[in-house]
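Accompanying notes for the structure given below.
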Amino acid sequence: MSSLTHFDAEGRAVMVDVSAKDETDRIATARGQVRMEPATLTRIMDRAVEKGDVLAIARLAGIMASKRTAELIPLCHPIPLNSVTVDLVCRPEDSLVEITATCRTKGRTGVEMEALTAVSVAALTVYDMCKAVDRGMTIGDIRLTHKSGGKSGPYENR
Amino acid sequence: MSSLTHFDAEGRAVMVDVSAKDETDRIATARGQVRMEPATLTRIMDRAVEKGDVLAIARLAGIMASKRTAELIPLCHPIPLNSVTVDLVCRPEDSLVEITATCRTKGRTGVEMEALTAVSVAALTVYDMCKAVDRGMTIGDIRLTHKSGGKSGPYENR
Amino acid sequence: MSSLTHFDAEGRAVMVDVSAKDETDRIATARGQVRMEPATLTRIMDRAVEKGDVLAIARLAGIMASKRTAELIPLCHPIPLNSVTVDLVCRPEDSLVEITATCRTKGRTGVEMEALTAVSVAALTVYDMCKAVDRGMTIGDIRLTHKSGGKSGPYENR
Amino acid sequence: MSSLTHFDAEGRAVMVDVSAKDETDRIATARGQVRMEPATLTRIMDRAVEKGDVLAIARLAGIMASKRTAELIPLCHPIPLNSVTVDLVCRPEDSLVEITATCRTKGRTGVEMEALTAVSVAALTVYDMCKAVDRGMTIGDIRLTHKSGGKSGPYENR
Amino acid sequence: MSSLTHFDAEGRAVMVDVSAKDETDRIATARGQVRMEPATLTRIMDRAVEKGDVLAIARLAGIMASKRTAELIPLCHPIPLNSVTVDLVCRPEDSLVEITATCRTKGRTGVEMEALTAVSVAALTVYDMCKAVDRGMTIGDIRLTHKSGGKSGPYENR
Amino acid sequence: MSSLTHFDAEGRAVMVDVSAKDETDRIATARGQVRMEPATLTRIMDRAVEKGDVLAIARLAGIMASKRTAELIPLCHPIPLNSVTVDLVCRPEDSLVEITATCRTKGRTGVEMEALTAVSVAALTVYDMCKAVDRGMTIGDIRLTHKSGGKSGPYENR
């Protein structure tokens, strides 16, 4: 039976040893969304045609945060990243911004935490930039949607 | 009509000037949750009686992340924090971990981003520590639930 | 005769004691520029009408770097910032991008290093984003242009 | 025709994918200078024979900053560095301090941003340490002078 | 005769060039201790059976600090870590907490600084958490106890 | 009976609320030492008359680390520092380098962790710079020697 890997036999937290793992090409994609008032989304969409729009700033914040994942998540391995993309799309039909982040590395551990961190910080940035007009926004549905390259095989979730 | 405050008249991003704001006692509380398989939650709850459990590590990650909010959120003001608490509660009836963070400062801007960042990073840490047994966990319902101390008056959301 | 203040009487580096200084409203503005091929500047200006342009990204990088000045400059005091603005203007007649940063705080030391750091990192970011098409760009003329609020009185340089 | 590489086809910022690039030995050298009053330079040169001199502190600040380049420059890849040197030379005939930084790695992307960041932060540190006696110093002429090891071939500038 | 390696021939600090070194599996273990009043140790030991105990928090702080060694130690190379463990054991017979950290990487330089940094920050965290009841605690005996994998051969100290 | 303050009533870690504490002038001094082979100390002392000596670099590393204390120590409050000094003295009679750090702030919590962190990182830096010639060095006797300005009254330890 598999168990929580971040603990040793006596229940103490460890950064697990990945020395024996192969250096393979690893990709992970994560998704999430920020729900808001329709009027807030309209503002973002209106802004999006100008310089310095909300989505561009949140995209950058997500990319930069992915590089600092190992500083934020206590037992996460520090790994170089070969590629990071963060996309934010306005979905007026659902009154939300949808965020997708994909990270890629050649390394011994997966990059799902980097992708999830990019999505989370991009979402927080959208909140920060719109909170003056809409304090009731909700960040949600943050999840791993794709993972490949590790020993555990590819993972696909919608 | 109020507008997005993080841009100047020409649409350029700025860290807004808070010099004219009063230094007041400001508190913010945020909430969120991590949904997972019942078996995953059971593992966390079983661990919780030992040393080094998932919830204690996620709590610490959330507290530490709140101190670095201004590094992560591009236009967020750096502010000292007088207090941070992060609580994680297992809700087996809903098969989720509920996270609540409260931050407090005496300053010129609110601390809602600090509380939301604490919740987000605590949630990411729960994901990281359990992902070997449950890749389908979803982080969601991250929102501001309480805010007081600023010019805009108190805010309460459930 | 005044001397270099970051050393004690025996020539050892110190972070100087500012305890006795007043907390006053302090503002500093710095300027700099990135010289480049006319064709490179044209690209930036063409981009500037789209989402995600070079100038918006450099502006954000400058703002974010100003918050981390005390981590980069060894003997600089950590201080909160009440406001940061970074502007980048294309000057096709001189084939350069001109960068201006203004920082403001209420504190015991000036914010000229924060403004100069914002200009420097914004300039480095312009370089990074255009280096694939123009490796010969030069960053220069970085200087303090305005300072007010300290005991030494206001400073104005063009 | 080559274009700005840090954007995708729709103009959105990305950290470009370097997975397909070879891991080669890469070296980059950058230069810059700090112009100042002759009297300020004299002080630095007098200090330079004692412990804790300005140039030694600026050298260290430059080396340390090069390690954090990917945190400062939004779309820069995080890469390990195999070697960093920063030299500062007083040029009394021109009343300036000349700064040269060389970085080396074995990786998939060049290290010119690391070298340019080292020069910039070393220059800012010289400014910080001398600003009490000379607020009119100017940082300038920061440029790439050598690059080798990438697919685009060696680059030499002066 | 060997000399201090972090300086060039003219006595200037450098991050030494490790390009020519082999990428080998490298392990280092460091030890240290925090001496305290017996009553303080008793408190820690009593806590240790509950959630959120001192030792678990210090362990996490040590692991996280090891990842940031290159930011703290000026001339240390940034390297990825494949594994980090930090153990804290109460020794009531000596009235102290003993700390042991082991780091592992596959790289061109050793990880002794990472292990020593983990021990030091874990010790500082024990101090921080107990200082309200015992300001006279002493951190000491921090040393390298094992090192293997480099050109200089294995090292063993007790 | 006083208890460990970093836990709430249920044993969960918190960053304690200091809102009710007065902003007072607070000073703390910490000490520590690095024991080494006499030949190693001789090298340091010989170097100390040149540019870029070990002690100057360790001093700078200690000052810079004190500014990042709240990032390293999980439950430490982020506070501005008004002054930091770090001194390193060679004691050939005991074959060690003695390190003393003093920090000062005007704030709601003490700065003993900042002083202890400065000493620890300065000691680690001495180790790093001399480890090629002496792997058996020991860092020890790190302790608080003076504290004033808080509600608990002044503290003096040798």
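We call the chains A, B, C, D, E and F, going by the order they appear; numbering starts again at 1 in every chain.
The working rule: a contact is a pair of C-beta atoms (placed from the backbone, for glycine too) under 8 Å apart; a residue touches a chain by one contact, two chains touch by 3 or more.
Since the model is a prediction, treat every value here as computed from it, not as a measurement.
The chains that touch both chain C and chain F are B, D.
Among the remaining chains, E is positioned farthest from chain C, on the basis of C-alpha centroids.
Taking the CA centroid of chain B as reference, the farthest chain centroid is that of D.
Shared numbers divided by all numbers used gives the overlap of an interface; between chain D and chain E this overlap falls below half, so the copies present different residues.
Centre-to-centre separation of chain D and chain F, using mean CA positions: 30 Å. We define each chain's centre as the mean of its Cα atoms; on that basis chain A and chain F are separated by 37 Å.
Multi-chain contact residues of chain F, defined as those touching 2 or more other chains: 12-13, 51-53, 56-57, 59-60, 64, 68, 71, 74-75, 80.
Chain contacts here follow an irregular pattern that is not a line, a ring, a star or a complete set. This structure has the following touching chain pairs: A-B, A-C, A-D, A-E, B-C, B-E, B-F, C-D, C-F, D-E, D-F, E-F. By the touch criterion stated above, chain F contacts chain B in their complex at residues 8, 12-19, 70-71, 74-75, 77-80, 107-108. On chain B, the positions that touch chain E within their shared complex are 48, 51-53, 55-57, 59-60, 64. Remark: chain B residues 2-7, 10-13, 32, 43, 47, 50-54, 57, 60-61, 64-65, 68, 71-76, 112-113, 116-117, 120-121, 123-125, 127-133, 135-144, 147, 155, 157 touch chain A in the complex. Interface of chain C with chain B (complex): residues 25, 56, 59-60, 63-64, 67-68, 80-85, 87, 104, 106.
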